[in-house]
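A, B, C and D label the chains in the order they appear, each numbered from 1.
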């Protein structure tokens, strides 16, 4: 089951690594955004298509728990999972796993959980989750 | 009481505002980092001094709840509060308030809560909260 | 003369400093953007007003020469000067000076030169420099 | 000849696109840094290896000329070329090409030229270009 989940590859940019030698915290939200787009595309809905259809998403809640850092030169994968699907909102979970020699040796660096609300791309507010997006969420 | 809390001013950079016309979510973590440093400096402990003393902090948990967006040209303040203080970790809360015509008309845009662990600046791991930092946390 | 020039204060964010212990190169373009906005505001034209009037600017050329780095905890000032003013474009120069004990002890860290084109904020292309902006450029 | 050059793929992040609907200027310096690392890796010298060998690079000059913007959902390639190689410094050129239906229909969005100085990773200053890096520069 878990092995079937979409995994989004990440390689930190040099600039994302701070004085401490690990990726600065805020970039994880950039990675989650990248992972959302990659996951949707893998599910058949490239994000630019969602925008072209008149929809976008807004974050209303996110939480992150870090257990280890990611250094420059290391790579990781973000496993994307669906936690909840409502009428206008949905919740994804993100597990950031540093690649190990063996898949089972992967180390979890960070766990994220984000609640998104679907909004109109023209700024006019909340929208029901469109069928195209609901299909990916239900398959995920 | 609340009025006595430190408030860190923020003005979004043009580049922080995305296609939706509001600050992209990750920059709030940059703002909280700025607010942490501003709050410590106001309490008598500039962050560079903390580093010079051999300490830094690492995030182990953060959560953010957004209720409204911040556009380019708008300004806001981040009220910093102390939630918990332990032996090696402490928790701060951040209220992002968009300035209104009257102080009581301020609109809360985002609420953050972050758990920090004190670490050695040389990468050797966790440290007890030093007295200089504890003093600011207890006064806060 | 030079002393009368607008100087925009900058204090690097912790996240802008990389493994080398100095601000990563790209953030200088963020600083120049901040300095442009600060300089225009000081000249009587806040950037949000320029946008509200239907104008924005686009970079067509920029060049940067670095002679030293800026560490976390250090502060600097960016002196803004007008190099050229055309019909639809203008050129600014930016001198990034690290504060010294004495004004004459300031160290130049970076020199930038940027050519901007005025565009319509609705994406419809180039525009002549509006009078409000021209006034600031001519006074600068 | 030109066709044989390394091309680094880029897809803008949602957050890199500003109110104007195109990638904000500073992110091009992030892209060039990514392209440098990709080009070195393709030449047999992953950047983390260069760091492990005790070397890093510092920018002393960069210049960028933009002719068009890159929107979210569009992708581009950065062609990397070697302009000059000295004793401690080298110069690369970057051509950012938006993918077209046909290779010859690619549109040049930006041209960059950057002068790098090789430095010791421990902060002790300039170094001669090491043999591993010189080999990639001479092959490039």
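Operating definition for what follows: a contact is a pair of C-beta atoms (placed from the backbone, for glycine too) under 8 Å apart; a residue touches a chain by one contact, two chains touch by 3 or more.
Bear in mind the structure is a predicted one, so any value in this text is a computation, not a measurement.
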(message) Tell me which has more C-beta contacts between its two chains, C-D or A-C.
(response) C-D
(request) Mind checking chain B against chain D and telling me if their interface is mostly the same residue numbers on each side, over half, or mostly different? (result) same
(message) Counting only Cα atoms for the centres, state how far chain B is from chain C in Å.
(response) 27
(request) Report the inter-chain centroid distance for chain A and chain C in whole angstrom, where each centroid is the mean of the CA atoms. (result) 35
(request) Find the geometric centre of each of chain C and chain D from their Cα atoms only, then give the gap between the two centres in Å, rounded to an integer. (result) 24
(request) Any chance you could list the residues of chain D touching two or more other chains? (result) 14-15, 19, 21, 26, 30, 33, 51, 72
(request) Could you pull out which chain A residues touch chain D in their complex? (result) 13-15, 30, 33-34, 37, 46-48, 51, 72-73
(request) Using the touch definition up top, name the residues of chain A that touch chain B in the complex. (result) 19-21, 25-27, 29-30, 33, 51, 56, 58-67, 69, 119, 123
(message) Can you tell me which positions in chain C touch chain A when the two form their complex?
(response) 14-15, 17-19, 21, 24, 26, 72
